[in-house]
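By written order: A, B, C and D. Residues from 1 in each chain.
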Amino acid sequence: MEILIQQIVSGVATGAIYACMALAIVMIYQAIHHLNFAQGEMAMFSTFVAWQLLAWGVPYWLAFVLTVALSFAGGIVIERLVFRRLENAPVLSHVVVFIALFAIFNSLAGFIWNFEIKPFPSPFGSGALFGGLMSPHQAGMIVVTLLVLALLYVFFRFTRIGLAMRAAAANPESARLVGIRVGWMTALGWGMASAIGAVAGMMIAPVVFLEPNMMVSILLYGFAGAVLGGLTSPVGAVIGGLAVGIIENLAGTYIPVVGPELKLPVALFVIVAVLVVRPSGLLGRKIVQRV
Amino acid sequence: MKPLLSVRGLEASYGDLKVLRGLDFTIAEGGVTALLGANGAGKTTTLRALCGMIPRSGEVEFDGRPISRARTEDIVRLGIAHVPEGRGTFFNLTVEENLELGAMSRPARREVADDVARIYGYFPRLKERRRQQAGTLSGGEQQMLAIGRALMLRPRLMLLDEPSFGLAPLVVEEVFRILAHVRETMKVSMLLVEQNANFALSLADHAYLLETGEIAVAGSAEEIRNDESIRNAYLGY
Amino acid sequence: MSVREESSAITAAGKPVSRFGARNWAGIVVVLVLAALPLFLANFTIFQLTMMLIYAIAILGLNLLTGINGQFSLGHGAFYAIGAYTAAILMEDAGLAYGWTLPAAGIVCFLSGFLFGLPALRLEGIYLALATFGLAVAMPQFLKLSVIEPWTGGVQGIVITKPDAPFGLPLSQDQWLYYFTLVVGLLLYWFAVNLVSSRSGRALMAIRDNPLAARAMGVNNALYKSLAFGVSAAFTGIAGALGAIVVQFVAPDSFTFFLSVALFVGLVVGGVGWLPGALVGGAFVVFVPNVAEHFNKALAGAVYGVILILLIYLMPTGAGGLVRKVADFIGRRMKSRPDR
Amino acid sequence: MTRTNSRLAILGVLAAATALTVVAASADETTGITDKTIKIGNIMPYSGPASAYSQIAKTDAAYMKMLNDNGGVCGRQIEFISYDDGYSPPKTVEQARKLVESDQVALIFNSLGTGTNTAIQKYMNAKKTPQLFVATGASKFGDPEHFPWTMGWQPDYVSEGKIYARYLLKNMPDAKIAVLYQNDDYGKDYLAGLKAGLGDKASMIVAEQPYETSDPTVDSQMVNLKGSGADVFFNVATPKFAAQAIKKAAELGWKPAQLLNSVSNSVGAVLKPAGFEASKGVISALYLKDSQDPQWKDDEGMKKWNAFMDKYYPDGDKNSSFTVYGYSVSQTLEKVLEGACDDFTHSGIMKSAANMKNVDLDLTPPGIQVNTSATDFYPLQDMQLIKFDGERWQPFGEVVSGADTQ
């Protein structure tokens, strides 16, 4: 029983990592109806930028803000530079370009900052909560995730540009007919996704340590969380991410023989099973429509 | 008087198939022009080409400005509102959000609320359903929403693509009554594409008949309405 | 994420009407060149070409699924792995001759693919992508599972003996395996082309283009989609078996999700829905990383990415799209210049 | 030309081509070696998940450059060719064949990984081309009877596991041991070594938790290990996970005696990220000097290494154990080649590699030497136990020989 509770708390702590990343994934999905396979690498690269700024002596929160701003700009630049030319290319070609970006960022980060792991500071201090099951940083990460979630809600719900982005994503042709510059909305989506990714990266790095491959597997868990929660729902993404963390821990602890060796496959299996029953995820929106 | 919109040699094609073969026509400021023709004559394509939604060639001037190379969103920003075929509803947004989107390209935010109120004046049904997801509206309500959204732009020219399509006759009458009212109160010019020639000609001042991508007949609405041979040959009633 | 719109441009892969003769000639030339190559090349290069053919077969299988049936898979490396392990276990534990492991791998993978396809039916687009991607990520962990270690050799993998040329043919091992692979590849290609132009093939394409209409016409969508998964997996599995024989080694490390990603990239670069594109894709998988490495070892990944992006700019619909454009261009030229 | 003639001509070309390829296939004892040069190949993951190791190959390359600047080996300049395999065995096979058949190297040196080296072991031996000093501690790369052309270098994982087992039996005979291990050959070799070393007291192990390299953290495993009530923690993880584990143990308030495998005992890359406070008291074993340890400040070997790094690999990380590793393994190769000057052939080089007696390297601590024989293909087997005092490693006890644990 004690172990069960410990594993759940520890699962929430790990799940916060996935939830963070899942938010960035949902964001880009809103903008381009796609999973961006380079998202994790972009977040990793942003985190390295932050690390570099810190190494140059920039105070933490200033480095934080600068990194988010740079990542936002970087996301927009990538969209305008790379994907705008591919507007009419088939979707699968876009996926291939994601893969190309993945390779580029991974390789560049290794080239510039090498592959050794680097400690990344936490703004929330060190120590132990709940008997060490959760560090103050992990608790702080959950708070930051919820904060980002709230900001997103406000942005999409109450701002004109948020509304325009939702419209552009839902129906680009109609959006153009009301004068929305759909291309820029997509670029803005990229910018926001990569800014959120940067936040995620800076929150994740203190836990798993910074290195060029840090996001490769976290991205998959993030995908799983986002899909489980429903790709159209930021709240769902956070819940999905936390759920993946818990499921994974329980599978590893309680499934005999194969459990510890197959934590990830078991978690994926659970998710696919959920999807078979609820194809749009736990909180994904079904679009009601009368014909 | 100088026309609001003038079109010369407008061509457009889908792949190898040429759908518009050099259209020439004009639309007068403040008037309603009907574009009639059988299925596949190129009516919808004409509207889409005017708005830059498909590749096209030829010359189009709006209020003296060339727009034949401009992008859709820039054309819209000049004051051309397109009520598209299928109504272009944002299904998962609320009715009110749909209306607000219509004013998206106008800088003055303050007037938006007033305009929304005015639209609700035209379409009380929409007001009742303002918090509802637009996808749950009936066909007639969606058509009203589409017209309302277009009006939120405070357009100088409205392009209407078959507003009667798929609606019950009573609803069609209501829609056209509202269009007539709008025309009076807001001084909007309209280019109306319709299969239902009867309704269209009742509203229009001027009409063009389109046949396989070319203009076959042009004249005042009254002339066409009264010309039995044209009615028989093109309009089938 | 719909595959439909892009691949439906191709009506029946490899069957445009007018230039049929020209196409056949092109095919014959390609086959002749492929058959002659090993006579003039060093064994190492022959080995690389063999790998190219093997990846081409795997991509051909993926193309049947994605290009013809419109289903998306980022996990075909898993079936490649199953095929490879089937061959390795049968050869080393059961002492089966290598030739017989191919049909065995095909059957095992057909069943795995079919079974995987059943639940995957309920998943579309992105969800299917995630499910298949998950399969690819999980596969190495399954392969080294301690429960099945007696057969799979766990993380150590299985070392395989390389076959010699039979009947005293004056061929090196590499040459022989090349021809063996080439013949298997041609047979599979022939099978694929026939499948696509058969009734079943039309049903598969109908499902891709319009699932509702297909159902209305009496096509059993569920059955056909699962079958497509099975056949596609069988192709890829046979490629995996060939890969095991040629590389002489299987281990979980050989089949990480990067393999699935490579196959997917090969598919798109070759052209989704254009069956001959598989060969282009295979060449890409084998040779482009080497080219990238040649430019700059430390930045090989970045160079690879840039090459990939440039290729997609150059041919957004893959080599298939480019070939079609060029053919259209030539065709129009010929048309506009009537017989003198 | 008549038709018959042209047909004959084609046949002739085919026959010649076949003959040519057959000739090229059989490797020669001096392939890759001329009077002026020797070609040495290397395969390393420059891309993919294991790319951190590429620093080793870069150090190797820098070392070869230094040798060349000093006049080469046996009067020959070294041509060092290193390829990327992304840690994927099929690619390793391709690159090994490229090196052997296309570049025609004399030997492949320090190729990295267990699966990758297994994939080419048979091929290299069939080609009678040395596969020297593979960069892995898997115990299977010291089998002269079956694979006379393949040799490991570093102490193998099984032996190291046994060293820790003996330490525990002697100092903590009532310990309850919890093991965290990477679920692959590396982790399982250590675990097997520990179990073998404990012998009939293997029941001292009360908990084993594997992790995958795809796991973001090992938190869940650590919670379970702590829950087992163990008082010894054996940490068989690669640097990133080893650091996470040490940090997590401290956060959990779990204070067992900790044993850390030598792969991850870099102060800069593991203990510093984990936190010095949390790492205090950790026990490990080493076979190379720690470049950050002040006790070697005036050490001749360390001075040479520093000069080398400054001149030939200024971008390299002096904190990293990889650069120390690359330097040392390259120096071993230098000594092997020098020992083969009289018989500078593949088998001559292999003979020299199998005939190293008490060879000191610049960076091996006193008492640890390279030894091989025709039947002993494990060059380094001795290790020094060390304990982290919160700042640096402190050696304690005698040098432990892994040889008798074979």
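One rule holds in what follows: a residue touches a chain if its C-beta (ideal position, glycine included) is under 8 Å from a C-beta of that chain, and two chains touch if they have at least 3 such contacts.
Since we're looking at a predicted model, the values are computed, not measured.
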item	value
Centroid-based (C-alpha) most distant chain relative to subunit D	B
Between the pairs C-D and A-B, the one where more C-beta pairs touch	C-D
Approximate Å spacing (C-alpha centroids) for the pair subunit C, subunit D	36
Distance from subunit D to subunit B - Cα centre to Cα centre, in angstrom	74
Whole-Å gap between the CA centroids of subunit B and subunit C	50
Whole-Å gap separating subunit A and subunit B, where each centre is the average of the chain's CA atoms	43
For subunit C, residues that touch 2 or more chains besides their own	137, 141, 144, 298, 300-301, 304
Interface hub residues of subunit B, defined as touching at least two other chains	none
Residues of subunit D engaged with two or more neighbouring chains	47, 49, 54, 183, 212, 214
Pairs of chains, among all present, that meet the touch criterion	A-B, A-C, A-D, C-D
Contact footprint of subunit A on subunit C as seen in their complex	1-3, 5-6, 66, 72, 119, 122-124, 126-127, 129-131, 133-134, 137-138, 141-142, 144-147, 261, 264-265, 267-269, 272, 298-306, 308-309, 312-313, 316-318
Touching residues (chain side subunit A, partner subunit C) in the complex	29, 33-35, 82, 85-86, 88-93, 95-97, 99-104, 106-108, 110-111, 217, 220, 223-224, 227, 231, 257-258, 261-262, 264-265, 268, 271-272, 275-276, 279
Interfacial residue positions of subunit C with respect to subunit D in the complex	39-45, 47-48, 51, 137, 141, 144, 154-157, 159, 170-172, 175, 243, 247-249, 251-254, 256, 258-259, 286, 289, 293, 297-298, 300-301, 304
Residue ranges of subunit A in contact with subunit D within the complex	2-3, 6-7, 10-11, 13-14, 17-18, 103, 106-107, 110, 114-119, 126-128, 131-133, 135, 204, 207-209, 211-213, 216-218, 220-221, 248-249, 252-253, 260-261, 263-264
Residues of subunit D touching subunit A in the complex	47, 49, 51-55, 183, 209-210, 212-217, 219-221, 223-224, 227, 239-240, 243-244, 248, 250-254, 268-270, 272-273, 275, 317, 319-320
